[in-house]
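Structures are listed in the sections that come next.
One chain, subunit A, appears in both complexes that follow, with subunit B as partner in the first and subunit C in the second.
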Partner chain A sequence: MSGLLEVDNLKVTIGGQDVVRDSSFAVDAGDTLGIVGESGSGKSMTALAVMGLLPRGARASGSVRFDGQELLGRTDRQLRALRGDAVSMIFQDPLSSLNPYYTVGLQIEETYLAHRGGKRAVARRLAVDALAEVGIPEPQERRRHFPHQFSGGQRQRIMIAMALICGPKLLIADEPTTALDVTVQAQVLKLLARLQAETGTGLLFISHDLAVISQIAHRVVVMRDGEQVEYATTEEAFCAPKHPYTRALLEAIPRIDEVS
Partner chain B sequence: MPRYIAGRLLGLVCILLAICFFTFAIFFWLSPDPALAVCGKTCTPLRISEIRQALGLGQPFVTQFWDYVRGIFAGRDYGSGADLVHCSAPCLGYSFQSSQNVWQMITQRLPVTVTVAAGAAVLWLLIGIIAGVISGVREGTWWDRAAMFVTLGGASIPSYVLALVLQFVLVVKLQWLPFPGNVGFLPDPGLWFESYLMPWIVLALGYACLYARLTRSNVIDTMSENFMRTARAKGLPPGLILRRHALRPALTPVVTIFGMDFAGLLGGALIVETVFGLNGLGQLTEQAIASNDQPVIMGVTLLAAAFTVIGNLVVDILYTYLDPRVRITAS
Partner chain C sequence: MTLLRAENLTKDYAVRSGNAMFGKKATFRAVDSISFEVAAGETLAIVGESGSGKSTTAKLIARLTEPSSGSFAIDGVDVTHARGAALARYRRDVQVVFQDPFSSLNPKHSVERIINAPLDYQGIKPEGGRRRFAQSLMEQVGLNPDHVLRYPAQFSGGQAQRIGIARALAVRPKLVICDEAVSALDVTVQAQIIELLRRLRSEFGLAYIFIAHDLAVVRSLADRVAVMNKGVIVEQGPCHDLFGDPQDPYTQALLAAIPRIDPEWDRRRRENAEELA
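Take a look at the complex of A and B:
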């Protein structure tokens, strides 16, 4: 397998406590890997370890290879060149993840300018295109607006536009639809799937929601208390789970025909 | 926006009228007879009744208050015949103790107070914000601990103690600075700067310490915001993250506090002006209180109140430009 992202025996420790133990998985170009688990299971820490954005005091060991190159142990300066460019990330709460003091246009442009440099006007045109691409109406006008002037779904679309502005090879999405209404959730998932099909980006999709994971992921990692308990194709994981915890998770989903 | 400002200005006038009313009421009912204070040592009952007549003190409360308010807008006359004194608008009263128009007394001393306040403000903003930002960014380092220790101490030193110590060390012992005095900017700006330097330092120290602590905690709060994580995830250089994404949210609340503090100081830095013998509004207030010169106390109180409410309005308007989430909806 020519893995775009290969994680081997990843371990994350905070204050002497293991929050991720021995996690191994791979994401290929054009592939979607879902990481599913309860809150506190170590999903987000896994993603942050890949980005090199672990909180102060956290240590990661093992191996994280991106495009064949080891990321762990790299300096912040080296990682910075990757972040937002080859590897991007979107977060759970788009309102607080966008800076309320600046227009969304500027926040998209600055990502491009930090990595590619060049003229502001070029970045501005690309930002307008990106906003149009993710389905923001009247992007030429809307780029001058501030985050609070958009709806929740639109804000997450803006985050996606920002993450994709440099054409990343890998997109990490940490619970990107959790804060959204169900109908908006479906639209954002559709958008992610379409953009991925168009660009061939690898997608690492983190969610606690099995239904969402089943819709978007090709393969699934199930995590519990920092432990990776299942790593299989989505079909296997949902139809023939090996680990009892995965079975328990699936059985915990309320089903309409069982409600009396 | 113009409608909002007009509404606020109207409210401002109402607040000032209310303050005017209450101060006037306090002096009317609670203070000793102003005629006695004016009369001096060689006082006869006849003289007192003359003064009462001239000041209109025999009039009922409402009439006197009305005369005072009308005087602010239209000017008024005190006394009659040969003793007649005209006080032109804006008439904040007439000090019979010093035979001076209160408005003129205030405007004469305002430049000194503005100089003291503005110089100190520049100093405390520079020191407070720079120290606070460094401490906030390097939370928990020896610099942060040392700075917070020093600022706690600095904020606790009473300004008159600091003033006397500085004066003793810098003027008497080392002779680096002249005694502070009422020096004009011209003809010698250097001397002007040296005479105001100590008042500035003394006044600025307490504020600088408070602003450093405020800025530090704002920076720390902002650093833990989700949008800071986004900025790092976008691969922005640390300098840009700090300047653009952290400082603006962290410093915007400082503007509010600064507006209030500065407006308050324009009413007179009482202790600093008195200790250094600077001829500003603070010293005027102190002298007026000591000699129970009621028209002056009234005037200074009103002016200080006006500065405070106007400062508030300016901060509110400024905020709509600084924080895009704050938008004015005319209601």
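Take a look at the complex of A and C:
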């Protein structure tokens, strides 16, 4: 086993209640694992547990190994050094993840400097490159703009630029395209897939949308009420789902194409 | 038979360019001269992305905001600026179900009071009393009538949306405007509510204006579809034609962008399911 991220028997408890029970999965370099489930299924809690970002009062047990090292039980300080560097995360709502008082360029630079240090000028050049890479036009000019001056899709691109600035081994994306229009969603998914192919980053992609998961993930975890009910390659899960709940989910979603 | 006809509806909002306080006064045209018809018992879907004007259109038809120009009529009677009794009459014919059931149901009112609210507005006393009336509607939308004295917070999202639907049906409308009515729901719950809307449509001969951004949902419910982009209807037509052979470049781009499960995977899944059965 040489998984980049290995999660074994993960359990998350809040106020005596198990919100995640006995979840086990792995993400390899260059691999995309999709976690799919309805609201309250525990998919976001799983991601937060991996990042050590669980809300106050929540407790995680089991094992989360990243690059062979156990993450559960690490101090906040140790985890902070990891977050944004080797592991980074993007969320559903980019506007609430970006600081409205700072230009986007500065926020990307600061992320880099906090982990790698060095000269401001170097960080600035990298930030401009990163903005260009995620498809922000005129990055040299746009880096001086504030988050509200960008569209929703552009903000999510900026979040992706920031998440990738330190060249993370693992990117966790929690419903990254849920708030976006479909045409914008398609662009952002394409961008993520391209960047992943170029960098070999492992991707943990969380979504309620089975169609999105079917397109981006290599393997899938299906969660329901805190339980991992299915763990298979995407093709297996969609063509020959083992668990009745996975079958019910696939039956429930309306199809855009003519059903023959 | 045409139930509702909208002609050249336009809505301008006053905005300021640049600075919110000192910028130049300008107008933003949210809906730009759109025309459409809904026949009795028909479902017209209005689809588009954010900012397309689809929700403004819903608000205009629901008489929740005034159009800048244009008109619309129900059963041939112009109701664009109807007041008093004429407006009350219109509100009996046209009801709305909103996206977020919890913010559109008063948290301090019991289900009985919520479902009776449209009757109270109309000054109608239900036959058999308020409780019986609320309970029979609850049964029709698949809620347990014993819960008639409960409050919205005591229901799940899907159940709360059923309360919203029951309220819309209280005055026996001819047309129900569903403004993203299933968008906030989980897929399994969404499927149940779509099924309910279908059943109510055939039971009561309802027409729907179904506002949505999710084209897959629209395909499963609509007879006709109007696609909006930047305030304009770029294309409208029968559901089958529009999805099968879209003409407008924007419609084509929209359809192409929708995430899909490989139909081949669906086919294999169905085969596997048959083998299991």
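We take it that the second predicted complex is superposed on the first by the 254 of 260 C-alpha atoms of A that agree within 3 Å, B and C clash if a C-alpha of one lies under 4 Å from a C-alpha of the other, contacts with A are read in each partner's own complex, and residues count from 1 in each chain.
Going forward, a residue touches a chain if its C-beta (ideal position, glycine included) is under 8 Å from a C-beta of that chain, and two chains touch if they have at least 3 such contacts.
Here the structure is a predicted model, which means the values were calculated and not measured.
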{"item": "Partner chain(s) touched by A:R83 [first = subunit B, second = subunit C, both, neither]", "value": "first"}
{"item": "Touched partner set for A:E141, first subunit B, second subunit C, both or neither", "value": "neither"}
{"item": "Subunit B versus subunit C as contact partner of A:Y102, first or second or both or neither", "value": "first"}
{"item": "Broader residue contact with subunit A after superposition on the shared chain, subunit B or subunit C", "value": "C"}
{"item": "Footprint overlap on subunit A, comparing subunit B with subunit C", "value": "none"}
{"item": "Subunit A-touching residues of subunit B, taken from the complex the two chains share", "value": "225-227, 229-237, 240, 244-245, 248-249, 252, 323-325"}
{"item": "List of subunit A residues in touch with subunit C within their complex", "value": "38-39, 152, 181-186, 189, 208-212, 214-215, 235, 238-241, 247-260"}
{"item": "Subunit A-touching residues of subunit C, taken from the complex the two chains share", "value": "49-50, 157, 186-191, 194, 213-217, 219-220, 243-244, 253-263, 265-269, 272-273"}
{"item": "Residue ranges of subunit A touching subunit B (in the complex, touch as defined)", "value": "51, 53, 80-85, 88-89, 91, 93, 96-102, 110-111, 114-115, 146, 148, 159, 162"}
